[in-house]
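To keep things simple, chains are lettered A, B, C and D as they appear, and every chain counts its residues starting from 1.
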Amino acid sequence: MTGSRTHIATSDATSITVRGKDLCEDLIGRHSFTDMIYFLSVGRMPTPPEARVLDACLVTLMEHGWTPTSIITRLAADSVPDDVQVAIAAGLLSVGPVFAGTMEGCAELLVEGVESGEDPDAYCKRVAEEYVSAKRPVPGFGHRLHKPDDPRAVTLLEVAGENGITGRYVDLLRRLSREVDAARGGRHLTINATGAIAALFLEIGIPLKAGRGLAVVSRAGGLLGHVVEEFAQPSARTIWQLTREGIPYSDPQETSHD
Amino acid sequence: MTGSRTHIATSDATSITVRGKDLCEDLIGRHSFTDMIYFLSVGRMPTPPEARVLDACLVTLMEHGWTPTSIITRLAADSVPDDVQVAIAAGLLSVGPVFAGTMEGCAELLVEGVESGEDPDAYCKRVAEEYVSAKRPVPGFGHRLHKPDDPRAVTLLEVAGENGITGRYVDLLRRLSREVDAARGGRHLTINATGAIAALFLEIGIPLKAGRGLAVVSRAGGLLGHVVEEFAQPSARTIWQLTREGIPYSDPQETSHD
Amino acid sequence: MTGSRTHIATSDATSITVRGKDLCEDLIGRHSFTDMIYFLSVGRMPTPPEARVLDACLVTLMEHGWTPTSIITRLAADSVPDDVQVAIAAGLLSVGPVFAGTMEGCAELLVEGVESGEDPDAYCKRVAEEYVSAKRPVPGFGHRLHKPDDPRAVTLLEVAGENGITGRYVDLLRRLSREVDAARGGRHLTINATGAIAALFLEIGIPLKAGRGLAVVSRAGGLLGHVVEEFAQPSARTIWQLTREGIPYSDPQETSHD
Amino acid sequence: MTGSRTHIATSDATSITVRGKDLCEDLIGRHSFTDMIYFLSVGRMPTPPEARVLDACLVTLMEHGWTPTSIITRLAADSVPDDVQVAIAAGLLSVGPVFAGTMEGCAELLVEGVESGEDPDAYCKRVAEEYVSAKRPVPGFGHRLHKPDDPRAVTLLEVAGENGITGRYVDLLRRLSREVDAARGGRHLTINATGAIAALFLEIGIPLKAGRGLAVVSRAGGLLGHVVEEFAQPSARTIWQLTREGIPYSDPQETSHD
């Protein structure tokens, strides 16, 4: 007897129980995969609007074409073709601070603004000016490719609005957006997909720590598509060849100054 | 120019395209995460009944309480708390041949039976007798704990039936079940969850190689629940302590005969 | 032509070149694995004393019995028995900030002390008092089990001394040790293995970022031992059973206060 | 009390015991990392010739320039820069059946030949003819790039010979080589590095299952070199760019015939 408990699942000869519900009676055939992801992360079933917004976020994060995660998965699927979990897991390892961290940074800004009790516009003005004057990227804003606006952020906030999912976090994100533009002398910087998702996860009650986890689950679905394509129409050997040819070897002494 | 192509995704300044569809116009807010998983694995959107059956399968595979995958994820979440993708990926690595392979084995039996053109009952009788006489486990049948029937298999086949998803594979699975019981002298052996899912994946057009991948995506959702619980109510240090105390060290020479 | 280059390796029909040396002429049979690890991390071959100290550090970090990394590897080896790289990699993922981070924290303290140009004793006194008064653990000091002294630290510093590997970092570590004891009112706190290794890696010219990587390589060797034992004398199923029995399920509503 | 035991390691306040030896008294400073890898895999310390041959094999397997494993590690190091164990583990996952499996296949041929008691030349002739007539690659023979001979195999067998490590497995490998050439009508096919290593691991008593594990440990050392180079002189973003440009997107309908 250790005193430790789990509330996640148990089973006996005739039933499986998941967080207090009977898997076969209450869950299979009655709830979507998205409902269950929410249920296991948050501890209660989502309302239909919450589930629709979570679906929109998960759909958004699944796929971005060639990224480090998808390239890794393609290479690993070619090397370990019979254990597809290895290829998916290898890719997921890179859903890390560089690529998912801005979502967390934006969520922290929004939580701090709401919890501080400070006047929202004053908070946003102060934050925007701090980041812009320090030439630091504002988490949740800007995109290398998508200009003037990241179309995913626009659509996500529309979907949320249609489902009545608006509140203090979305409101604060919009105010922050205005202040960021103002601090940049009127040059517009888009809210990006991770910024919109940060606000929406907060609105639907996702714990901060679970946010990156949801990105991981979503990307797992996207990477499965890459595994399937790798088997039908391989890219891994081409990636290897492109790398060999594009990044040649040179003796270390030749560039001893680097 | 390598001649290689990808059909998965591309993007430009104002749009993202996923398998020929506009992510923001056609997908976000219009399709569920489950639809998209199917779309990326199969290459077309599922019909509503196909999506409901896929949802039922994904919900079934998410969670089984303490298993090697969930124990690994708990330990890794405690060791690398700030990169939750590491904990999820570490757990997913064990969704391997031992725990997911029976689904593939069962699917292969069903595909072979359908493609052989052999009389279904004759095929099932032959297969059942071969496995039973060789005392080999029939893939997709039997369960350590769930007796006389795995309730998940029962529910899954019901949900499929209600959605009109029945066909040659489900039919063959049911015939195989009768022949397995007959070959065992009438002692009933349940169709298990992986057997039912193998048949249903085939009915809804999931490629064989994608089956384990879907189990991986589903388990990613389940493991996220374990990560969230580990942060709220830790188990990892207890697992460590239980192992240290339960599996003590003894000098190798003391057991040199092993 | 990307402008990018690698200095690591290339090959042609009759030779392989590794960082400017001919693999078959200059390296195989002439240098140990330890030499090569140093060579690839640091860019030059170690002197014999440097190699002996690196060997001592690698031997020290290999094995600690039951730890999260070894438990994970055992479970994964049981689940994916035919791909041992999966079991080793799964375990290595947890050589993370919690278990390897103290080495890095200690190395940073030592580098800062040396680079600051501050009087060594004044620096150590200030640092020790800051940590002790804030009740923060001093990185590289203290051990849950090994009291009064971590025997590995004692041996490592002896081996280094016998090989003439002493210098500013080891000296600073010893001064810091005295000041830590003083700041604790004379209650002795051991230099631990990671503290000693941090100082020795600095003495032999290992880049800070490579330190954790060396721990990973060392642990890979230790985890291989666990894989081999798992196949000869399994523990994974017992760990699973201990967890199931030791951390039982309870319904979430029963403990809604947590 | 589970009845399970481990023989690997234990510790108390003043000592650490590894497989019956005192870590600080008997191992640190007295044995190399290579000795310890052997000790933990095989259960006894190697003789000096065994250690030299193991060193030669580990040095050989460390580095091959751009391979799937090193490309994956580079991409992951860029995405998760603060947790280098993630980059190394991600790369190691691909030390799988495609790239390490030929070593295992060759070892199985050699073990079978020795254990069969068949006349060595008759066995080799039969095996060589079977593979060649079926146009199957003989495991341990041939190399895409290294012709007429893989220089690593030549050097490894020389090093082994100089250390007196020759026996039935090396002898059988040489006979098999002659028969492979004969079965190909005199066209020479090289023993490759994995073939030579397979024979040498058998000669020095490495269990079959541990062979791939030793390749994993060796590659961990090589991948650390890639992590260090990635931080000093990045390639990951270039690999990404090369892939995006070299494998462009095309709509799935354009190639619906694939």
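Quick note on the criterion: a residue touches a chain if its C-beta (ideal position, glycine included) is under 8 Å from a C-beta of that chain, and two chains touch if they have at least 3 such contacts.
These numbers come from a predicted model, not from an experiment.
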Co-neighbours of subunit D and subunit C - touch as defined: A, B
Identity of the chain that, by mean CA position, is farthest from subunit B: C
Whole-Å gap between the CA centroids of subunit A and subunit B: 24
Subunit A-subunit C separation of Cα centroids, rounded to whole Å: 32
Subunit A and subunit D: spacing of chain centres that average the CA atoms, whole Å: 37
Multi-chain contact sites of subunit B, meaning residues that touch two or more partners: 2, 4-10, 65-66, 80, 82-83, 86, 89-90, 93-97, 233, 235, 238, 242, 246-247, 249
Subunit A - residues contacting subunit D, complex: 65-69, 71-72, 75-76, 78-83, 86, 89-90, 93-99, 232-233, 235-236, 238-240, 242-244, 246-247, 249, 258
Residue ranges of subunit B in contact with subunit D within the complex: 1-2, 4-10, 17, 19-20, 43, 80, 83, 86, 93, 246-253, 255
Residue numbers on subunit A that touch subunit B, as the complex places them: 2, 4-16, 18, 23-25, 27-29, 31-34, 36-37, 40-41, 52, 54-56, 58-60, 62-66, 70, 82-86, 88-90, 92-97, 100, 145-147, 149, 151-152, 154-156, 158-159, 162, 207, 209-210, 212-218, 220-222, 224-229, 231, 233-235, 238, 241-242
